[in-house]
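Heads up, the next two complexes both have chain A, just with different partners, chain B and then chain C.
Presenting the complex of A and B:
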């Protein structure tokens, strides 16, 4: 029995590497003397650890799907690809935290440790196969995120962000658990495949209990994705948190939430029936609302960080459309969207971060005339904005195109029209940045220290995939196509 | 013999109490108490369902996990509340208005 358990660990190498890296960073942190400012060894330790995890994940992409730990977690290409996205996102956020002044120097080690912990939670969530692992993943993700949000502990805004995050998080986790308990009672098991089998044949009364339970259950996932009725925390938390934390939040917890939403939708609701009808109806309404509210609220923002926060709500709505498709088309376009979104978000936040380091705030006007000062960065930002808005030669366009074609194939014309209108709305505020950078006079001539040669080349390296994925998308799409869900 | 509906009724009452506390009280610590009530309602449900409907241990194990995780969540939450109190000298939810919403 025990030996069986240990043998299962061989499927769980990436998570183990991340956990060990977390422990290693703690040990390394303890070796520094008090008051020592820069801790390069810690930074490199975490980078190397995450890189190892990335390589192992890439190598295991083509392996046959299995389950581990008595069916508690499932390791399939879908979860592996999601984990790759999350690992890369964490890697980028740690690099960003290293060069950002937004987190005070002495607490940077905490960012690395807590960030790695959140990553472990996200990986658990991406491969959850029963209700217990789902709950554990969501809570690992949330509890560490509360601490991350209030990382700048002497700052009023940061601790308020943490407070709001923890209150909303606690409430939604409680509601989700209450829904889950009734689902467990009616369906009789916590294993996803058993629940899915029992969902196919229900009596009238059981459906009457299950529908509100699933509604409550959705609160928990919806809060992680930040979709509309549960999005109120998101702009405040994103604004109050330090910038690297914001970049991290808009990638890792969001992708983990999307992954679990896809898995739940496809494993539970693939059969026709009342349950499928109501769940898909709920998702359609919420996806449409999420896109619209996110994009319309983004229009009137002064701070780039807050604008990116609202636009990430809009993108989450777009990714939810992929879950409605209920099939291979939806899964692969969401994965492709996620890969592109990760690169675009990281690069946009990186450029914003360096501007903010220089001026102390990140209002739109700080970007004016950037093209005369740092042409390379201005071009990079322009490409990212075009790609986020979904303009042809970039990856954002290909991703949006595939999601739209998938939902049109399923016959959801209204949703497709709403999504297309939202793309047009988002164009307005994305192009505002471009207009300021190109057509406005520059404000001052001061050197922006953050844009050193190394940092500029990292940003260019983040932008190259955005362009390449837009032009030669077939290869990555084939990888995403192979990333099938394994329901066991 | 206490039957399943009685357990469900008690947990439902707990759930409603928690919701009311969260909506009505303006004190942050009271809101966290409300969250605990909801979590306990869920734990009670799991234990009751596993006793009466399926005889395996799943529900009991989930209840144990809920207790542990609720403690962790309360610890982190209270730490943040203490930070907030040291900065603002108040634990009233209406004082958390620094961030525009």
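Presenting the complex of A and C:
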């Protein structure tokens, strides 16, 4: 029995590496009295650790799906690819935190530890195979996120963000747990496969209980994805959190939430019936609302960070569409979307971060005339903005094309048109950034120190996939195509 | 593979090679950038002439000798597929010629020269892409990518209100094309994701008349609904009333060369879209909506002319005259008769040359005056007596004006006459009213000419010099074109005849 358990660990190497890295950073932090000394060491420690996790994940991408720990987690290509996205997102955010004044002035090494913790939670979520693991994952992710949001202890806004986040989080977790307990009551198991089997043969009364309990359950996931109407916390948290944390929040918890949503939807609602009808109906309405509200709210923002945060709500809505498709088409388009989105978000936040370091704020006007100061960065930002809006030949377009084609294939024409029109709305505010960077004269002659050669190279490296994936996406699409969901 | 099969590749990629070359040149070598771009567009234009000489005008469909088809993304059956027929060849020739002349007319640009010429060449490449693509996905990609250089060219080098114009242009066109994207994807699934799913030629022929689609809670006929989607996408580009409101802004704010490209080539992409995609793929719906298209075209003619008449800014006047002239193309298309269609395609070509001339002339004038008021806002004259002040300018202006007006002997007359012949039987009322539009066209142009060129030379005009050699040089080819094609249109008519005939006979079955 014990041996069996240990053998299971071999499937769990990436998570273990991340945990070990977290422990290492803690030790490093505790060893040095002086924060200045521990900082680089922690940074490199986490970079190396995450890189190892990334390599291991990539190597295990083609392995057959298995379950571990008495079916509590499932390791399938889908979860592995999701984990890769999350690990890369964390890697990017940690790199960003290294040069952002938001965190290190004064020194805030906690970001690395907490971020790694959130990542572990997210990875757990991506491969959750029963309700308990799912709940555990969500809570690990949430509790550490609360601390992350309030990382700038002396800043009122940051503390407010943390408090808001935890209040909302607590309530939604409670509701979710309430829903889960109803499910257990009706279905008699917390294992996904058992639940899915029992859902197939329910009486009318049981369905009547189960529908509201799934609604409650959705509150928990919806809160993590920040979809309308559970998105109210996100603008304040995104605004109040330090910039690298915002970048982190718009990738890791979001992708984890999307991963759970996909798994739940495909496991439980693949069979026709009242349950499927109501769940998909709910998702359709919420996805449409999320896109629209996110994009419309983004229009009037003054700060780029807030604009990106709202637009990430819009993108989450777009990715939710992939869940509605209930099949391979949806899964692979969401994965492709996620990969591109991760690169674009990181690069956009990175550029914003260096601008913010220079001026102390990240209002749109600060980008004025960037093309005359840092042409490479302005071009990179332009590419990202066009890509986020879904203009070819960039990856954002291909991602939107796939999502659209997946939902059109299922016949959701109205939804497709709503999604398409949302792209147009989003183009308006993305163009605002481009317009300022390229058409306006620069505000002053000061040098933007953050754009060192190394940082610029990293940003360019983040932008290259955005272009390449827009032109030659067959390879990555094949990988995403192979990343099938495994329901055991 | 035939020997000439790479010709289309060369035409498509040559400008991009040029753009990369521009970017590699050092910033200080401004004249090198100009000469390099000129050389590049000259080579491209020469290549289009080679294409013209090798073109077999008896073949109605795509010319086998030039076709290129390579898998791009085989999972989705997306091909890098290029081809040429009698409808696209005039557009290719026009693009090659106009970009060459525009580079010549951009000699006086001083702001970020490298960026300007690189974007210009990129734009040319994407325009070729639109006219050459035979794969719907490829077409869409080029159609969209084209917006990016255009956005920057208007936004950086434009007039005072350039930002607003650039954003409006971008958003409008993007709105239209995203609807087209939905239609494209729907077509992909309607054909069962087969190897023909994005193949424009394989899609055409009215295969979707029986299908339905459920949208907004009701069941609608597939062909009609997606025809409307694509119609909006293309109509914004043309622009068809009521989607035309971006055009005056974009035209007025854009620098001269970009206005020329916009009027000369980009507007034709809209009507080309009808000819290549919307009509062949949904012939039934096209016939169904023909009356509506004809009436919209008529509104374009009359409304554009009336708007032009009311303008006090000469560039805006020319911009509205484009709206009016594209209306003739739309009416010609709607007729779906041999004469009407041929007239429409010929009008696309002729308007390309005549509108380009007018915009170039306005640009020449603007470089001297730095304003474009026919009548200034305070009521005083903006220009006066230009005829005595700048005689060569005046003569070339007269040629361009008469070409645009459709005076017999100049190119505009032939195409408009063909269009009227084509529509008369089917739409007698529209023919009569659009003849009034023609009259209005003559009225606003002549009135403008009277106000600007006749009378006393006003004080501010006395310093204007006449056209210099470079300016004469880029006007002469266009003057020759409008005069030669005015008396002898067969070189252009012959190449399009077979392809247009095929389209008309296909449409007549519905």
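Following the convention adopted for this analysis, the second predicted complex is superposed on the first by the 479 of 488 C-alpha atoms of A that agree within 3 Å, B and C clash if a C-alpha of one lies under 4 Å from a C-alpha of the other, contacts with A are read in each partner's own complex, and residues count from 1 in each chain.
Throughout what follows, contacts are C-beta pairs under 8 Å (C-beta built on N, C-alpha and C of every residue); 3 or more make two chains touch, one makes a residue touch a chain.
A quick note: this is a predicted structure, and the numbers were derived from the prediction, not measured.
Q: Once the two structures are overlaid on chain A, check if chain B and chain C clash or fit side by side.
A: With chain A aligned, chain B clears chain C, so fit.
Q: Determine, under the contact definition given at the top, whether A:32 touches first (chain B), second (chain C), both, or neither.
A: Neither partner.
Q: At the CA centre of chain A, how far apart in angle are the CA centres of chain B and chain C, to the nearest 10 degrees?
A: Taking chain A as the apex, chain B and chain C sit 140 degrees apart.
Q: Quick check for you: in the superposed arrangement, does A:51 touch first (chain B), second (chain C), both or neither?
A: neither
Q: Should A:438 be classified as contacting the first partner (chain B), the second (chain C), both, or neither?
A: A:438 sits against chain C, while chain B stays out of touch.
Q: Should A:69 be classified as contacting the first partner (chain B), the second (chain C), both, or neither?
A: neither
Q: Please name the chain, chain B or chain C, that touches the greater number of residues in chain A.
A: B
Q: Using the touch definition from the top, say if A:154 reaches chain B (first), chain C (second), both or neither.
A: A:154 sits against chain B, while chain C stays out of touch.
Q: Regarding the shared-chain residue A:414, is it in contact with chain B (first), chain C (second), both, or neither?
A: second
Q: Return first, second, both or neither, reflecting whether A:423 touches chain B, chain C, both chains, or no partner chain.
A: second
Q: State the minimum pairwise Cα distance, in Å, between chain B and chain C in the overlaid complexes.
A: Taking the overlay as described at the top, chain B lies 28 Å from chain C at its nearest C-alpha.
Q: List the residues of chain A that touch chain B in one complex and chain C in the other.
A: Chain A residues touching both partners: none found.
Q: So in the complex, the part of chain B that touches chain A is made up of which residues?
A: Going by the criterion above, the answer is residues 11, 15, 18, 22, 28, 31-32, 35, 38-39, 41-43, 45-46, 48-50, 53-54, 58-59, 61-62, 65-66, 69, 72-73, 76-77, 79-81, 83-84, 87-88, 93, 96, 98-101.
Q: Where on chain C is chain A touching in the complex?
A: Residue list for chain C touching chain A: 73-75, 140-141, 144-145, 147-148, 151-152, 155-156, 162-163, 166-167, 170-171, 174-175, 178-179, 181-182, 185-186, 188-189, 213-217.
Q: Where on chain A is chain C touching in the complex?
A: 386, 389-393, 397, 401, 404-405, 408-409, 411, 413-414, 416-417, 420-421, 423-424, 427-428, 431, 434-435, 438-439, 472-474, 477-478, 481
Q: Please give the residue numbers of chain A that touch chain B in the complex, ascending.
A: Against chain B, the touching part of chain A is residues 131-132, 135-136, 139, 142-143, 146-147, 150, 153-154, 156-157, 159-164, 166-167, 169-171, 173-175, 177-178, 180-182, 184-185, 188-190, 232, 235-236, 239-240.
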